[in-house]
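Here the chain labels run A, B, C and D in written order, and each chain numbers its own residues starting at 1.
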């Protein structure tokens, strides 16, 4: 294992200290592992709180700030945070208008956030939980754990965060978060496995000519292993899966994210984005807004995820609203 | 070689089409390989032009926009652009007040930009060339090619770009660019080699327990090979080299960049930043501004570069001025 | 079961988890996210610390504290599931001692908690596939009048059988479910840790 | 040297570069940035295209065009250096034909151009370490009255000797200089391509 760290067990604490040192706009409670805005929550503003295992940076801490999250709770690497973190965070950021928990759909995250929501309710806080489950590589079914939450989290946090900043109430913010999630689909492909600091070994072995298709963001293998193919074909596979589940019609607007999984050079992400743009242009779908870069990563995994959100005018306007976080900033 | 590409020879063209599709604020001349601002250069504003081999994204195309570059000329991967690109770009962005060429100090870049400057002069353009040579891993000497230009390029482009936006004249902008370069030092360490699309193989082999110390951004081996060490010790080595060459005194302000070389997870960059912050705090040096992320990359190399600029009040004010580019944005 | 034994059991789990940390993580690496050993280790280290110097009046108080500590230190899926289970077990044991029959009831409450929280059924390739057969064997022995050691031994054997039987299953819950048919052929990490928990119970009871 | 021979020479270089592309890139991978083969290939492919259908009146016009094309297509350090050299050679050959002595003078102008642009000296582990001995041998043969083929053969041998002699040197110019002492033990890629250029000259002249 080759990592720029001091010790596997120190990664999270050291990184949080680094976040604290780098971003004066963030307040990092290193003891409780809670990241909030230095400015705090405006009285009467609905607070947005998210969290999950670490190793996906900039998610979620990098999205704390004006127009997006009020608090992030980082767990250990690939491990859900514990209920106490969310309770501490919720109490810290509640502005009297309630707190929306944005939870990626993984059993661990769901259970820990659920317990936190119960504890918060006992403390008199109003909490609404929104599940993100956009990964079409996993088919939804009542008999399974359901689809994973991946790239759409960024869209949910940005758009619902903007609505909260505008003063919408708890129900409205939660409702918009759900709408964005319902409109978004993702699909990912990995060229290499990632290595968690604790395990020290890659999660799986891939030959020089193979890729894992339909991977999540926790280093698990994908739905199937295939021969590595040109970017154009990989994009076709991903967009087929996405558009099969959420058709887009000519004239539709989309917000598109081409996201690196941690070890993918930006030049390759632009190659991928070019292919996505061509496919959508051929369908007369407009890429109204886009992100190309590393937003929801998986440690040192090489690969890409593509997220497409079928966006309405409200979503686009909220997308354009000011945001000022370490990883996403405009208009502020 | 595992890359998200269509073919090695198509990488640059495909990526440029991707940049064009992703950023409406950029105008991409895919034929001549020139990236400019869609808005063009304000009449009377000094234009900033940079360029170099591709594979360092977001450098330079990702820094084209308000408050930073007017044009970027991407060469083939790790290969200087040709003079014709710079001539085309200079003619496109000259606003009547002249053009500053920001050139990283590599023989190829220097020669190609020099020829371009001659051609531009023949066309009646005023051109000032500023060399960036911040990498202290390479000792300066009149008998060698001199120090490499690496991370400080971002500082030079940001700060000189802000000054140009404020209406300063050609000499003043070039002078500020030189001052920023003279105040900046960098040092880099690699955990893995990178693989260029054309060669298809890693530039060197490193065992699981080794790192290359004092690498550049073109996949070349470093000054020496060492046993992989904890982040704290790596940072000590890098900062020793940097501060040895450019001492910082208690009370000094610094702009610090902890930059991933392409395949480094952000969580590790924060671990490194934390160590940098501790060392500088112990010297009572203030990290007045900072960047943590992938800004000057080396394809899929895992590793980190640290850049420290001893900043005066002018530089800090210009740093804070509005910037609106794909990779750096605030206040606009 | 009494307070000292309960404490010894929890400590034996901590020791077993410490010894099998890498193995649990490797199992989780194959079909999950490579953290189960680390999670369990972090949790039971915290439990050991939390119980130091604590002198509860009931078996239940000790186990509830263990469960609460797991919830507040593990994270992941296993934290709430195991934490909730220990809390449920503890809540049934509001006395300084418990007969094997009472303990069987408590263990049943633990399984119910896991099922309720995680919504998994036997055969979904989870910790339930070790826990359910272990509970059944324990119950059977207790019903037949066996002592704690004998019942726990039977439970540990059954847990290990159940754990091994997860290998051919296709996962329907937890992260392994994302792999679909590719989860077949790998043993479930949570079932493995459940087997450790029942083996620790057996060894502690036998040593008494 | 005449116009047809010059054209054949440039085409022979293109063929040689095509055949040795990977080898040049591998040499550059060891102590540079792994692009010299690709650079040279891009450049001489462009030259081949640029010269198609062009019927210059002088040897020089053809070589100047080759040089200009290299400058506008190669990039890197080798583009301006080789491009400038071919332009300098060409500028000395303002006629349809040149004697070996005149061609030697032109080759000398090419080396001067490289030295002037790159500020490298013999022994710095660059293309100069193949070019300079090649030029010296060519000059010597021409002075002794040898024909182009004989002079070019001697030059090609000397270039290859010079190329091999770069291996033990420590680089002081170009990217390889960044490696300091670690550049020792590797052959310079630019010296290798220079050897190809002189070997192509010899083979073309001999074939005539």
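We take it that a residue touches a chain if its C-beta (ideal position, glycine included) is under 8 Å from a C-beta of that chain, and two chains touch if they have at least 3 such contacts.
Only a predicted model underlies this, so the values are computations on that prediction, with no experimental measurement involved.
Common neighbours of chain A and chain D (chains touching each): B. If you take chain A and chain C together, no chain is in touch with both.
Put simply, the chain farthest from chain B by mean CA position is C.
Chain A and chain B have centres, each the mean of its CA atoms, that are 29 Å apart.
Remark: chain C and chain D have CA centroids separated by 75 Å (rounded to whole angstrom). Note: centroid distance chain B to chain D, computed from Cα atoms, is 32 Å. Chain B and chain C have Cα centroids separated by 54 Å.
Not a single residue position of chain C touches two or more of the other chains. Touching two or more other chains at once are residues 77 of chain A. Pairwise, the chains that make contact are A-B, A-C, B-D. Of all the residues in chain B, the ones that touch chain D in their complex are 53, 75-84, 106-108, 111-112, 114-115, 137-138, 143-145, 148, 196, 198-199, 201, 203-204, 216, 218-221, 223-224. Chain C contributes residues 25-26, 29-35, 37-39, 42, 71-81, 117-118, 172-175, 177-180, 182 to its touches with chain A in the complex. Those residues of chain B lying in contact with chain A across their complex are 1-7, 11, 14-19, 21-22, 54-55, 57-58, 62, 77, 191-192, 208, 211, 228, 230-232, 234, 262-275, 277, 287, 290, 292, 294, 297, 299-300, 302-304, 324, 326, 329-330.
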